[in-house]
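Two complexes, one shared chain (subunit A), two partners (subunit B, subunit C).
So, the complex of A and B:
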C-alpha cells in the first residue's frame, strides 16, 4: 500500500514535469474546461432570467422548488467529485479508445504493479483544475448571493458527513469508468460506451426530483451520479435526503466491487495486438 | 531434468475467436446481426525447455505465432491450453511476483517515458521494481558500461535515435536484474553499427549476469552471432528445435556456385535443369551481366558434378563454391513448412 502511494506521488511528479515541457498544451486544456463550464452556467443564467425558480409539480401542485442560487450550488457541488476523478484518474479514458485496441496494455501487464492501479494513476490531468476551480467558485458564490432566509438553513456541521462522502462519490465516477473501460478487453474498443455512461452525470447536476422515475432510478442506483451531486448538495443546503449518505457509501462499494470483477475477468480475455 | 529448467513450456496453445466477415459493407452489416466465428489456433501445442543462462533464438515467419508465445511466457496472454512455467512461476498466476523476475523489450514499442529525460524513466522503474538505492547504483553503473547510456541519459526520450532508444529500452528491462530477458525483435530497423552494439551488449549481459535470453528476430545474423540453439515455429507449431549447427547439417545441403562468364551469351548453354533432376526448390539461378550465381541442392547433384558440367559447357573466370548461409536454409524451411521435429 505504501509503495502504491509513493508510486502515485511519483507519477504525479512525472506529469508535472511533463507539463513544464508542454506549457501551451496545458494552458489550452485548462482554458477549454473553464470555457465549457462558463457556457453551461450562462445557459442556466439565461433560463433563470425568465423563470423565478425551478419547480417540481405533481397534479399541478408545486411540491418542491429550487431557486437559481440553489441550482447553481448543486451544479457547482457536482463539479467537485467529478473534478477530483478527472484530476487523478483520467487515464482510464484511453483504455477504451486505444490502449487495448493497439495492444498498449501489454506494458501494464509486464510490471509488478496492480494493472488497474497503474492505468488509473499513470496520468495526472491538470486540466481538471478548471472543473474544480469553477465548482468551488460556484458553491461559494451561490451561498454568498443567497437570500438570507435560505442561507440561514445551511448548517455547516453537515459539511463533515458530506466531506466524508466525497471520496465515495469520486469512487462512483471511477468505478463507472473502470467497468466500461474494461469492456474493451472483449470488444477491443469501448470508449463510446464509457462516454455514454459518463455523460449521464449531466442529468445528475440538477435536482433529481424533476425527472421521471426511469431517469431517477438510473441516476440514483444504476449510474448513480445523483449520489455524487444532487443528494449530498441538497443535504448540505436543506438537510434533506439524509438517507442518501449511507446509500452513496454502499452503492459506491458495490460498484467498485463490480468494476474490479469486470477488470479482472477482462484481463484474462485480453488478446493484445499483433506486432 | 525438465523440472529444473528455467523455462518449461508444455503443449502451449492459444486460440483466438475470429469473426468471419464477407467483404464490403453488406458483409459487415450481415456480420453485425448474424456473427459467425472461426477459431484460429495461433499457437497450436508448442513444447520446449530452456536452461538457465541459455540464449535461445525464437524464429519463424510473420504470423507464425512467435509473438503470441512470447506474450504467454511474459504473462500478457492467458494460454487457452497447456502451460508454461518460468523459474517456478506460472505467469498468469501471481503475475506481480513473476514479472519481477523477467525483463521484456518489444522492439516495436518503447516502454520509456516518452516526454521526459531518460534518467527519469530509470528512477520510476526503480520504484516500480523496488530496487534498493545500492543495487540501483551498481546496476546503472553496469548497464552504463555495457550499453553506453551516458551520452543521452539526460535527453528527453523523444529525441533519442532508434539505436539509442533500443539501448535505453534494454537497460530499462534489466534494471531489476531479471533472471530471464525477453527480446522481441531488438534490432528491427537499426543500422549495422547499432545492431552490432546491441548484439555485443546482449552477449555481455548474458555472460556477466547469467541472464537467460529469449530472442525473436527476423535478422538471421542476430541468430548466428548470439544463439547456439534455435526454436523455430511456423503456423503455430514447432518445426525445429536444436543447435544451429544441426540445422546446418540437416538442411544445409545447399551450396552456392559463383563464377564469371567470358561471354554473356554462354548462359544458354548452362542447362542444369535438363542435365540434373532438380525440383523447383533445389536450384536457383541468378545472373547479373556476366556474373552467375547458382544455388543448388547437393543431394541431387554433387559439387563435383556441378563444377565439371559447368566447365565442360562454358569458359569461366573466377569460380568459387560456398556453403549456403543460414538465411537460405531458413528460407527453405519456411517455404516447406518444415517437418515437425
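So, the complex of A and C:
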C-alpha cells in the first residue's frame, strides 16, 4: 500500500513539472472549463430571471420548490466529486480511445504494479482545477447570498457526514469509467461507451424530483450520479434524504466491485496489437 | 466541375471513415443527446413554475422542439476543421497537403462532407420524426411544413459553410497559440452561448436582439427558428441573406489568414 501512495505522489510531481513547462496549456484548459460552466450558469440565471423558484408540481399542486440559490448550490456541489475524479483519474479515458486499440496496454502489464492502479494514477489532470474552482465558488456564493429563512435550515454539522461521503461519490465516477473503459479489452475501442455513460451525470446537477421515474431510477441506482450531487447537496441544505448517505456508500462499493471484476476479466481477454 | 472532381476521393474517404466508426458515432450521439433530455425536464419544471403559458413567446412544446432541433442542426453543421488543421500544423504533417496540387481548404471540406452524409443519414430522420410525433401528439394534428423543412435544410447548409470557414480561420490560430485542446473548449463554450444553442436568443432581451445579427446566430438560431415557423416570409429572406453574407465574409477571412499563416509556417523535418 505504501508503495502505491509513493508512486502516486511521483506521478503527480511529474505532471506538476509538466505544468510549469506548459503554463499556457494549463491556463487555456482551465479557462475553457471555467467558461463552459459560466455559460451554463448564465443560462440558469436567465431562466430564473423569469420565474420566482423552480417548482415541482403534481396535478397542479406545488409539491416541492427550489430557489435560485439552492439550484446553484446543487449545481456547484455536483462539480466537486466530478472535479476530483477528473483531477486524479482522468487517464482512464485514454484506455477506450486509443491505449488498447494501439496495443499500448502492454506497457502496464510489464510493470510490477496493479495495472488498473497504474492506468488510473498515471496522469494528474490539472484542467480539473477549473471545475473545482467553479464548484467551490458556486457553493460558497450561493450560501452567502441565500435568503435568511433558507440559510437558517442549514446545519453545518451535516457537513461531516457529507464530507465523509464525497470519496464514495468520486468512486462512483471512477467505477463507471473503469467498467466502461475495460470493455475495450474485448472491443478495442470503448471510449464512446464511456462517454455515453459518463454524460448521464448531466442529470445530477438538478433536483432529482423533476425527472420521471425511469430517469430517477437510472440516476439513483444504475448510473447513480444523483448520489454524487443532488442527494448529498439537499441533505446538507435541508436535512432531507438522509437515506441517500448509506445508499451512496453501498452503491459505490457494489459498482467498484463490478468494475474491478470487469477489468480483471478484460485483462485476460486482452490481445496486443502486434507491432 | 472537373476542377471539383479531383476532390471526390476525399469525400469517399470521409464516407468510409464514418461508416467504419458508425457504432462509435451512435454511442457518442446518445451521450450528447442526454443534455437535451436533462433540459427537457428542467424546462418542464420552469414552465410549471411560471404563471403564464408562454415565456418570451415560447410555449413548452416550442421549447422542446427548439431543444431537439437546435441539437440536430448543431450536430449537422458542426465542423472540426480547427482541430484537424491545428494538429497538422503542430506536428508538421500539413506539408504533405501543401505539396499536392490541391486547395488546402477544399480537401478538408470534401472529406468532412463525406462524414456529414453519413451522420445526416443516421440522425436526421430519427430526430425530426421524434419531434414531429411529439408535436402531433400534443396538437392533435400534423405540424410538419414541407416548404419550411426545405428552407431549414438550405439554412443548415449555409450554417455549415459559415461554421466551416469560421473554424478554418480559428484553426490557424494554432500557429500563434500552440494550444488546441483549451482554445477549442473556449471556442465551443462561447459559440454555444452566442449562437442560441444553450438558450433561445429571445430570452436575452436587448442583448439577444443584437446577437441575432452576428454570425453566431447564423450558425444555429436561424435554421431552428425557420424550422419552427417562427419567422415570416420577409424575415426568412432577410436572415437567409444574412447567412450568405457571413459565409462570404468568413470564406474571405480564412483565405487571408491562410496566406498569412503559410508565410510563417516552419516545419522541422517531416
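Here is the rule we use: the second predicted complex is superposed on the first by the 275 of 275 C-alpha atoms of A that agree within 3 Å, B and C clash if a C-alpha of one lies under 4 Å from a C-alpha of the other, contacts with A are read in each partner's own complex, and residues count from 1 in each chain.
In this text, a residue touches a chain if its C-beta (ideal position, glycine included) is under 8 Å from a C-beta of that chain, and two chains touch if they have at least 3 such contacts.
Since the structure is predicted, the reported quantities are computational estimates derived from the model, not experimental observations.
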(request) Look at A:31 in the shared chain and tell me whether it touches subunit B only, subunit C only, both, or neither; answer first, second, both or neither. (result) second
(message) According to the stated criteria, A:3 is in contact with first (subunit B), second (subunit C), both, or neither; which is it?
(response) first
(request) Check the residue A:195 against both partner chains and state whether it touches subunit B (first), subunit C (second), both, or neither. (result) second
(message) A:40 in the overlay: touching subunit B, subunit C, both, or neither? Say first, second, both or neither.
(response) second
(request) In the three-chain superposition, say which chain, subunit B or subunit C, touches more residues of subunit A. (result) C
(request) With the two complexes superposed on chain A, say which partner A:18 touches: subunit B (first), subunit C (second), both, or neither. (result) first
(request) Check whether A:203 is in contact with subunit B, with subunit C, with both or with neither, and answer first, second, both or neither. (result) second
(message) For A:264, using the defined touch cut-off, is the partner it touches subunit B, subunit C, both, or neither? Pick first, second, both or neither.
(response) neither
(message) For a test of understanding, state which residues of subunit A touch subunit B in their complex under the given definition.
(response) 3, 6-7, 10-11, 14, 17-18, 21-22, 104, 106-107, 109-114, 268-272, 274-275
(message) With touch defined as at the start, can you tell me which subunit C residues reach subunit A in the complex?
(response) 23-25, 27-28, 30-32, 34-35, 37-38, 41-42, 44-46, 48-50, 55-56, 177-179, 181-186, 188-190, 192-193, 198-199, 203-204
(request) Within their complex, state which residues of subunit B touch subunit A. (result) 16, 63, 67, 71, 74-78, 92, 95-97, 99-100, 102, 104, 106, 108-109, 111, 113, 115-116, 120, 123-124, 127-130, 156, 184-185
(request) Can you check the complex and tell me which residues of subunit A touch subunit C? (result) 24-25, 27-33, 35-36, 38-40, 42-43, 46-47, 50-57, 65, 127, 189, 191-193, 195-200, 202-203, 205-207, 210-212, 215
